[in-house]
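Below you'll find the structures, each written out as structure tokens.
In what comes next, chain A is part of two complexes: it sits with chain B in the first one and with chain C in the second one.
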Partner chain A sequence: MLRYALGRVLLAVPLLFGLSVLSFVYVRLIPGDPVTAMLGVNSNPTVVAQLREQFGLDRPLPGQYGDWLAGVLRGDFGVSFRSQMPISTIIVDRIPATLQLAGAGLVVSLLIAIPAGVAAGMRPGSRLDSLITSATLFGLAVPAFFLGTLLMLLFALTLHLVPSQGYVPFADDPAQSLRLTLLPALTLGLAISPYLARLTRSAVVEVAQEPFVPFARAKGLAPRKISVGYVLRNALPSLVAALGLTVASLMAGSIVVEALFNWPGTGRLVTGAVTERDYAMVEALLLIYGGLFIVVNLVCELAQSLLDPRVRLT
Partner chain B sequence: MKTQVAVLVTEPRPAARRRVPLLTTVGASLGLLVLLTIVIGPWLIGQDPYAIDIGNRFAGPGGAHWLGTDELGRDVASRIAYGARATALIAVGAVAIATAIAIPLGVLTGFLGGWVDLVVTRVVDLFFAIPSLLVAIGVIGLFGASVTTTVLALGLSYWPFYTRLIRSAVVGLRSRPNVDAARVLGASRLRVIRTEILTGLVPLVLVQTTVLLGFAILDEAALGFLGLGVQPPQASWGSRLAESREFILVHPELALVAGVPIVLAVFAMNLLSDSLRDRLDAKRTG
Partner chain C sequence: MNDVKTAETVLRVRDLAVEFSLRGSVARAVDGVGFEVRAGEIVGMVGESGSGKSVTMLALLGLVPRPGRVVAGSVRLRDIELGALSLRELARLRGRQMALIPSDAGAALNPVTRIGSQVGEGLAAHLPELPRAERPARILDILKRVGLPRPEQQVRRYPHELSGGMQQRVAVAMGVQLGPDLLIADEPTTALDVTIQAQILQLLLDVREQSGTSILFITHDMTTVAEICDRVLVMYAGQIVESGPVVDVCTAPAHPYTRALLDAIPPLGGDPPERLTTIPGAPPDPRAWPAGCRFAERCRLREQLGNPDKCTSLAPELASDGAGRRSRCHFTGSAAEAVVR
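And then the complex of A and B:
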């Protein structure tokens, strides 16, 4: 196990390093330079030179990269080109809101996708399967913002059950915070569940073909016991690995959902940074989102190998 | 005698008489509807999508304006029909870019293997590690939001996953007997790739093209919604969403009308790709 885990971690390191180079090079790819791009072509040359020096843009690239990476490893992403505030402070401020949304969204999607995927995968080709499969195909076609608008229209603007937009930190007012989380989380969860349901279905279909399933049936075990205790348990390792990939849709989905519900998370930061041409911020966000994706997938792979030791051998 | 032979030849084989699945019919009809909207929609509606009529804002459906008017009194139906053209062009362009990168790279790495495979696959993995919408947003951050950058951004965000797919398909095709046979017959590498590998990829590419077209329509809309795609007043499905978003609390019906064509078009693509996959897979095993 230890050897396997070490191997996986060692594979992730060059990936993270490559990602850091990519994020760094990204900002230097900007036609002209970031400061001119930010201030406009007709900006005062002295101000430009001053800012370039302040951001360290006038030094050789490898040196800049080294300093930047050393800073990143200490949790210092530099200063925002826009607000002149430390980027790490701005991002750390936004993380609780995004985690709250993503976590709640993930719970919603698991509650929908796992039962649906298991029900469809246990009897491939059945009527229930084709119903669920066409529902997922339709669900995949519904954009998160469209779904969110529908939900907002129904639950907030027509039935007045929940507020339509806004965010309150959980620590300040737990009840109101949860009420406000309801719609965005439902939107995000519903938007992701078709992917997850399809992944679950294919994992379940594969396991359901194993000989122990007809054996369990012949033994007279209850269908529920077979699907949950036998099939789902054996599909769990591949599900955990698939969950890691779902994080990408969770990230992309939260960018859109945050914009729709005026949710002050890191997703808003992404859109804002690109619109305002705050390249230091875009650089940091690319690195954080990509790094998070790599790390989450690493953790999922390790969890998969704990659940199914056979994985370690391949 | 001759006519008899012709009759025998043209008689459909039993397999062709197989009932077309309902979902395929639905997908094909929706796809046709979208295609008609793109081709003759603007002509059929006959309204200028850019004509502003402030006195007639937020008019309900009816009369000359089939779907009513938007926040500037422009005809919503014609904005959607013209927008369909822009969105379709963007989607096709993006898929073309992704395919143009993925096929050569995937074939090269999958067929040659060795260090080329190792190096390129690492680079692909790296790009794969960034969620595709974020790659797209990054590209737009570099070049600013426009139709061209949207095409480029979406194309560049799809190639990593597509290259992976092609590569693993090529690895599978490479060990087939027909490839060995071609080699034994003295075919050069290039010829083997052309006659055995590329032809073997056709089903996969067909399915992926429909899948990616659906993705591209969704992502164009998502970028538009975030204000990073096609910029208003230029008509596209994404920019229509961006425009309607500002009035979402007062006139949510505009956002709904803007979203329905997206749902229908992507649903059509999903259904078509799924039935295409079923059919081509069946052919392979049969």
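And then the complex of A and C:
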């Protein structure tokens, strides 16, 4: 087991390295330049050249990359072209808000997707299954920004149950913080639950066909015990792997949802940095989002092998 | 068991019919099956795939999968009419009064649960009054009874860490732990190699000997039936075509299908035959059973008799000879048959 885990971790290293190269090169492939973005198109060429030199943009790419990577490894992502503040400070500042939103969104989606997927998968082809499957199809087709707007219209502007947008750190005022989290978390949760429900359904359908399910019935076990202890428990390893993949949708969804609800998380940084050609910031965010995805999936993979006693890893 | 004929009836099945309707067509997989199992008796149910033996078994347990459903008949266990029970009452009865031994224990055990807790699930479900602290002792006790070696170690292991024979012993333990009236053994030896098969058959005989449990033994293997069963039911195309004491049926089969089944067993000793005897053709389509005898198409006796019209026009009854044997054929025992034999 330890050797397997170590192997998976070591495999993640070249992956992260590749990701860093891609993040770096990708940003430089985008037409436009931070200096022209800052000063405007008709700016003084001398000033432009000066600024380019100051940011090191006039140096050859491999050199720029080497310096950047050396900094990244020390936790220094450079300085934001826009705000002139250290990027690591800005990002660390934003992380709690994003974690709060992503965590709450994940909880919402699990609460919806797992029961729905199990209910549909236990009786494939039934009326309930068709209902749930069409609902997930509908859910997949509705974009998060549209769904969020509708929820905001209904719960905040019409029913006045919760504030429409804003963010208060949990430590400052827990009750208000949770009230403000409700709508964005619901939007994010609803946006990703269709994926998760479909993945759950197919995992459950597969497990429900295994001979141990009818045998459990023949033993006279309660239906609840069978769906939880037999079907769901055996589907769990594949569900955990699926969850790792859902994290990508969670991250993408949070960018949209944060913009919609004026939520000061890292997602807002992404939209801002891209529109303002903040090279260093975009690089840092690409690396962090991609790295997070790799790490989460690594953890899920390891958890998956722990959950299945048949997997004997050496 | 010599007193079997006078023993009380444990299971009585009458006119059982199970239908599967799919896309407008209806397949009557089990069509009017009736039989009895008496206390302490081992009854074999033989038939090829699709003969309806597995569906019959599922119907007894109340576990016919959708879109199938029991459309007629009665199943009585002791004095309980199973058709009248609610789903919950039926679940309470399964595993306690009527237990299943699966065909492939390796696939039927929950792969992610340790042997001990898995055996304990049955106790928890059916004997909630048993204190939790007493469960481990009960579990070890039953595993010892089915001859599982070193049960103290096995309870902590997962199913895949056990050999096939040990898995099957665990499955038998789960079946017998609550002292059921009837054990339904669904081809319990097909997934095992021959020496282990013999051990498991012996284990079933021991269970019957010790607790007087009746066993309905479902198989496609005539040899196994001959080894452990008292009586045998031969199924073909959703019906019982012959039944009777094993010795009688095996030495003097009444129905041409049974005869063909026995002929298909390769002889032990002597030169191996050039070709194994097979039954030509395939069973009829359950969505459209033929009007007359369902075996007529493949029947050698009919051929020898010059293909009489009666075989394809009139469905034969399951006729009793009054001495515990039944056969579903117009011509067995008739003067016409005596001539060709």
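Assume the second predicted complex is superposed on the first by the 298 of 314 C-alpha atoms of A that agree within 3 Å, B and C clash if a C-alpha of one lies under 4 Å from a C-alpha of the other, contacts with A are read in each partner's own complex, and residues count from 1 in each chain.
Everything that follows uses one rule, which is that a residue touches a chain if its C-beta (ideal position, glycine included) is under 8 Å from a C-beta of that chain, and two chains touch if they have at least 3 such contacts.
Just so it is clear, the structure is predicted and the values come from calculations on it, not from any experiment.
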{"item": "Combined model on chain A where chain B meets chain C, clash or fit", "value": "fit"}
{"item": "Chain A-centred angle between chain C and chain B, computed on Cα centres after superposition, in steps of 10 °", "value": "80"}
{"item": "Residues of chain A touched, compared between chain B and chain C (which is higher)", "value": "B"}
{"item": "First (chain B), second (chain C), both or neither touched by A:Leu19", "value": "first"}
{"item": "Partner chain(s) touched by A:Ser83 [first = chain B, second = chain C, both, neither]", "value": "neither"}
{"item": "A:Phe212 touches, of chain B and chain C: first, second, both or neither?", "value": "second"}
{"item": "First, second, both or neither for A:Ser43, with chain B first and chain C second", "value": "neither"}
{"item": "Chain B versus chain C - smallest C-alpha distance in the overlay, whole Å", "value": "8"}
{"item": "Set of chain A residues, in rising order, touched by both chain B and chain C", "value": "none"}
{"item": "Chain B-touching residues of chain A, taken from the complex the two chains share", "value": "14-15, 18-19, 22, 26, 29-31, 130, 133-134, 137-138, 140-146, 149-150, 152-153, 157, 164-165, 248-249, 251-252, 255-256, 259-260, 270-271, 273-275, 277, 279, 282, 285-286, 289-290, 293-294"}
{"item": "Chain A-facing residues of chain C, complex", "value": "61, 63, 65-66, 91-96, 99-100, 102, 104, 107-113, 121-122, 125-126, 158, 160, 174"}
{"item": "Residues of chain B that touch chain A when the two form their complex", "value": "23, 122-123, 125-126, 129-134, 137-138, 140-143, 214, 218, 221-222, 225-228, 241, 245, 248-249, 252, 255-256, 259, 262-267, 269-271, 274"}
{"item": "Chain A residues within the chain C interface of the complex", "value": "123, 210-212, 214-223, 225, 229-230, 233-234, 307-310"}
